[in-house]
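Okay, so chain A shows up in both of these, paired with chain B first and chain C after.
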Partner chain A sequence: MLWQIVSALSVVVVAVVACSAYFYFSNKILDFALPVSDGDVRAASRNLNRRAMIRPWLFLGPALFLLFVYLVYPVVATFILSFYDRTGLQFVGLTNYKWAIGDREFRQSIFNNILWLAVVPAACTFFGLVIAVMTDRIWWGNIAKSIVFMPMAISFVGASVIWKFIYEYRGGNDVQIGLLNAIVQLFGGTPEVWISVPFWNNFFLMVILIWIQTGFAMVILSAALRGIPEETIEAAVIDGANGWQIFWRIMVPQVWGTIAVVWTTITILVLKVFDIVLTMTNGQWQTMVLANLMFDWMFRGGGDSGRSAVIAIIIMLAVTPIMIWNVRRANRELKGH
Partner chain B sequence: MKKSFLMGVAVAALFAGAASAADLKFAPGQDSKFNWKSYDDFKAAHADLKGQPLTIFGPWRGEDEAFFMSVLAYFTEATGVDAKYSSSENYEQQIVIDTQAGSPPNIAILPQPGLLADLASKGFLTPLGDDNSKWIKDNYGAGDSWVGYGTYKGKDGKEAFYAFPYKADVKSLVWYVPENFEEAGYKIPTTMEELHALTDQIVKDGGVPWCIGLGSGGATGWPATDWVEDIMLRMQPPEAYDKWTTNELKFTDPAVVAAIDEFGKFAKNEKYVDGGVAAVASTDFRDSPKGLFAVPPKCYMHHQASFIPSFFPEGTKLGQDADFFYMPTYASKPELGKPVLGAGTLVSIAKDSKAARAFIDFLKTPIAHEVWMAQSSFLTPYKSVSTEAYANPQMKKEGEILTSATTFRFDGSDLMPGKIGAGAFWTGMVDFVGGKSAEEAAGEIQSAWDGIK
Partner chain C sequence: MTAVGSYFKIGPARLFVHLAVLLIVIIWLIPTLGIFVSALRDKDQIVVSGWWTAFVGSTQTVAVRLGTPDQQRQEGANYVISGNVLEGQTGRSVKAFGNRVQQPAAFDAGMTADLGDGETLQINSDGSYRYMKNAAFSPDARPRRIYVSVSAPPEFTLQNYKTVLTGEGIGQSFINSLTVTIPATIIPILIAAFAAYALSWMEFPGRALLIALVVGLIVVPLQMSLIPLLRLYNEVGTMLGQPSKTYPGIWLAHTAFGMPLAIFLLRAYIAGLPKEIIESARVDGASDFEIFTRIVLPLSFPALASFAIFQFLWVWNDLLVAMVFLGTDKDHLVLTGSLNALLGSRGGNWEILTASAFVTIVVPLLVFFGLQRYLVRGLLAGSVKGG
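== the complex of A and B ==
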């Protein structure tokens, strides 16, 4: 334990020293290579210009290099792999893509992913907004907010384990230890094995992510709501608007930009949803989603790098437009929209 | 930085070395039920390996890891090799990552021949040589079967012996509580027909005959594959079983569908299973046997492999509080003999070294088996071990099933491609118990199999 801490700390120290050394010495070298001496004014100004041109790249260099190694290269490599067979050695053209279109499990994953996309971002944003508005003006609002936000601090796997106990089923006449089944039984219903009910079990898994992410939506939207000028609301009150109208006609339009950000952020998250499905069902009972399918093909029984690469590419293609839209919108806003 | 790291490793190694020397479970040369001569001979032959590193990756965690460490201590003590064992909850995935990333362990131990065959075909494993395969053939019960399970095609397409079997499980067992059987006046069934009759009798007497639990997190469904395989060996000749595991015999073949249906006769009858059919897929396989020990018993029988006593309630005395009988065969099919379904872990070399070869040699010594046998949960088909070393009479009984087996078949789902044996087959069984017909479930598994070609 102590050894691990010491090792981690020394890594941090070495990294910080190495970084500073890089910037310090690369600057020194640049200055040395392009001297600005008093003698020749023309050469000096030319060198000064060149320095100004090169210096940003020196500073950006490490980041660009890492971006290339960890992002660009893997994307290109994955794309190339998707045209090769399971071992990654034999070129097979579009076979893997054709397989994906025809595969039952793949289509099921796409369908489930669409379900997740339709429900989770909307639900998180909706609940987040409603909670933000409702807790704004009550004295215990902050306590309520803290409680809603708390699941954010739990890992996806941890949250899934918690919810496993909520959906837990005991057969026959056993005492139900699952919260949901205990409630069902209390009201005279028959307990169900919730996570194995096809189609609906998708929703039981979604609840977990909604539970985790609503806090995030709430915090961001709450901040946006605070930014609404009091006058607009007061004016609406004077004009005789009721609470419902104030919410939909005054508040929502003014935080529309933030809603979009929250929505898209959660959408990207949902496209990558993995841990919850792996922990709860591992894709059984027809709950497979793309990320799990990719993992399945890559790591089960020796793996099929071609097919998993295809699925990875498809997930990436699905995320990209949302990313681009998000970045563009953010840029527009920066420019003083 | 690197230097300090290496120093740390050296210090850790020093401690590890010191710890293992003091940790030998049974002092060499003392207890006569162990074959100490094999240990001394091995020590004399491999004394030149002092300080050499050896990384071992295996599936054993928790209690089993402690047992394996106690065996490994003898190896490090004898050779001076600096051996490190590691494991992962998702060892099937981890070994794929490690080998593909080019940082494999020296020794990879896996319970899945299918996965090993795959690794071998990609050139990640080193052949162990003909002398080792011959040794297995001569020294193991049903040696030919075991050699077959370690022989795969390499990257060059040539068949070679890649995996050394070590530690086996017997799966064809039905567990019961003798006291419950005595009280109710039930006799141990010797034929499948009798087993069906007993099942009906228990229901008639107001009891529940079976506890079946397929739950295993992401691996939910595998216990059902054991059922189907066991039944398959009892309804079809071993050749059909072999063809089934390679898909020469399709899942949709009436023979396979019939075996699935036969399993359904037990698992899909509300009255036959504790908690009803809905509980079958959702009950965790580790919790499932606990029904045997409830008062009054929630069930009378539990089909599961030899490892399951680890999940019996604390303090359960095997042979007294719980016992097993051999999953019977059909009286109507005497020609099939007494087949045994089992499994085992296979040891292969993923990064060759002298120390790795020495480890394989070590596994040929009886002592490498006996030390684990004497503690718990270890069976071996190795015929020259002293069966006196088994920790209890039950294990001895299981061990003898193995050494005397003539028809031994490996867990079929471990032989099938991972996508089927550790995926579609599980899901298919879950769907089957969940309400699909055997034809539908088998059809889906078959179409998944067609999909991977």
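== the complex of A and C ==
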């Protein structure tokens, strides 16, 4: 074990040194190959121009290499694979897409994904906004914020264990050790195996993600709320607006842009959600979502790259509008500078 | 008082706000608290009472056997077997006892129970008992089985942690997680910072296009990349005569998957540095490499730190990438992976699950609370600007 720690640390050093060495020496070589301090002024200025043309690519090189190999190439390759059979060798046209449309499990996943998309981003943004507004005006607000923000640090798997314990069910006359069932029992209800109740179990899984992500929404919305000019709210108070009116008519419209950003970010996260469903139910009891179905087909029965590629493409299609919106927003910002 | 806060200064609404926030805080805290408390409880207690009762002590019914006939002593006409049902258990006391499973608490502690056949039994609250018969106990009689309800004070133990760290492979996974996380946090920062500098302060054709590409790639779902990359890794692995699932493989994967967000966040920060500093350095003859390492890098420390925390949390908490690129064999299993495996194999053993969950949570929580300020700054740099 000690050996592993030492080797891990030495690899870190090697990797960092190698990385730094690349940047250092590539720049040195460029300076050496295109000298500018010679007597020949024309050659010097030509070399200076060439340097300026090449150097950005030295800086960008490793990043671009990684982006293309790990993100751009896979998008194209997955698209192509979706037209091939399970081994990826035989062209089968739209067969995989036809399978998807006809498959019950796939339709179930789409339905569940839409459910997740409808509930989670909205709930996180709403709770985040409400908590941000409330914590901004009490003296211990920062402590409260830290606590709500804390689940951000917890892994989805860790959070699943935490919530599985909350939902724990014991049969017969055993004492309920899961908090939810204990509360239900306290109010005279019948304990349930919550995560296997079809349809509603989706919501019990969503609660986990809402618990994790509300802190994120809260932090960002809280910063946006602080940016609202004091005068607008004072003017509203003088005009006799009450708390609700100020919240809905003044504050919400002013942070509308930020709400959109938070909503989108969580939407993307929801589309990729995988760990929670895997650890809580593994897609049983009708909780399958696209990301898990895709993973499932990657390895099920030796793997079916065609079908899982189709599912990946569907997820990608769902993200594309957000991608376009994001790029447009960034471009607008860039021009504004 | 902030702008939005001022109108709430008046009225009973303030009290409502305090109570509402308190309620929210409790709801947010309780799930984690349940894990932390349970992980410190005795494994037998976890299954018989809710963790929220851990602080007030618990009562449980246990079956015990009284002493064997060879321990009997004669006292006048009677024969007595005596001893203690709480032998070796400190801090516990007997509240009641009974001789039939249907009525395990038929008699209060200290009472003398008539068991018929001339037998009587008295159990005191300290556990000491006198089992008496008006004749000798038959030497081949089986020791008598009785039931006692024992009240135990709040008890906490570190045994569960000992078990999971040594027995369940969690210790090994902890090291694996560190091995994956540390390089996968440091390498992307260096690479992304150079790229962010080039995209902010160097003029070259195609710059706007590259920025758009980076922004677009932020949202590409990880799932897209898995199949082609797995194939690529297999091919490269065969070519080099190496297994396809290695630590360098997962470092590169995490580096690349974190790259778009890293470049995006760092570019927003580096582009915002004062123009004068960089231009005057240029006039003084500094090369871009020197400007970057001597001026930009030190000035960007807050942004670098906030991204480092992000990347650390993301890599440490990741399950999918590790499952696909590092595999699920014992030597390579990361913490999230082994926790997931335990959920399958030890689903009912809450002492193992809770202690393991705590081990996986503790490092990110320490990082989180120690460096929360930087994390928030990083979040805001990326998301709010121009929103």
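Following the convention adopted for this analysis, the second predicted complex is superposed on the first by the 327 of 337 C-alpha atoms of A that agree within 3 Å, B and C clash if a C-alpha of one lies under 4 Å from a C-alpha of the other, contacts with A are read in each partner's own complex, and residues count from 1 in each chain.
Basically, a contact is a pair of C-beta atoms (placed from the backbone, for glycine too) under 8 Å apart; a residue touches a chain by one contact, two chains touch by 3 or more.
All figures in this text were calculated on a predicted structure; none of them were measured in a lab.
Legend: residue contacts after superposition of the two complexes on their common chain; A:Gly171 is shown touching chain B, with no touch to chain C.
When the two structures are aligned on the shared chain, A:Val11 is found in touch with chain B and with chain C. Look at A:Leu278: by the touch rule set out above, it reaches both chain B and chain C.
Counting the residues of chain A that each partner touches, chain B and chain C differ, and the larger count belongs to C.
In the superposition on chain A, A:Ser37 makes contact with neither chain B nor chain C. Using the contact criterion defined above for the overlaid structures, shared-chain residue A:Leu71 touches chain C, although it does not reach chain B.
Residues common to the contacts of chain A with chain B and with chain C across the two structures: 11, 278-279, 295, 298, 305. Partner chain A is touched in their complex by these residues of chain B: 1, 4-5, 8, 11-12, 90, 92-93, 96-97, 100, 112, 114-115, 117-119, 121-122, 217-221, 274-276, 278-279, 281-283, 298, 417-423, 426-427, 430-431, 434, 444, 447-448, 451-452. Chain C contributes residues 1-8, 13-14, 17-18, 20-21, 24-25, 28-32, 34-35, 38, 46-52, 171-172, 175, 178-179, 182-183, 186-187, 190-192, 194-195, 197-199, 202-204, 207-208, 210-232, 247-248, 251-253, 255-257, 259-260, 263, 271, 287-289, 292, 313, 316-320, 335-336, 339-340, 343, 350, 353-354, 356-357, 360-361, 364-365, 367-369, 372, 376, 379-380, 383-387 to its touches with chain A in the complex.
On the side of chain A, the complex with chain B involves touching residues 3, 7, 10-11, 14, 87, 99, 103-105, 169-172, 174, 192-193, 195-196, 278-279, 281-285, 295-305.
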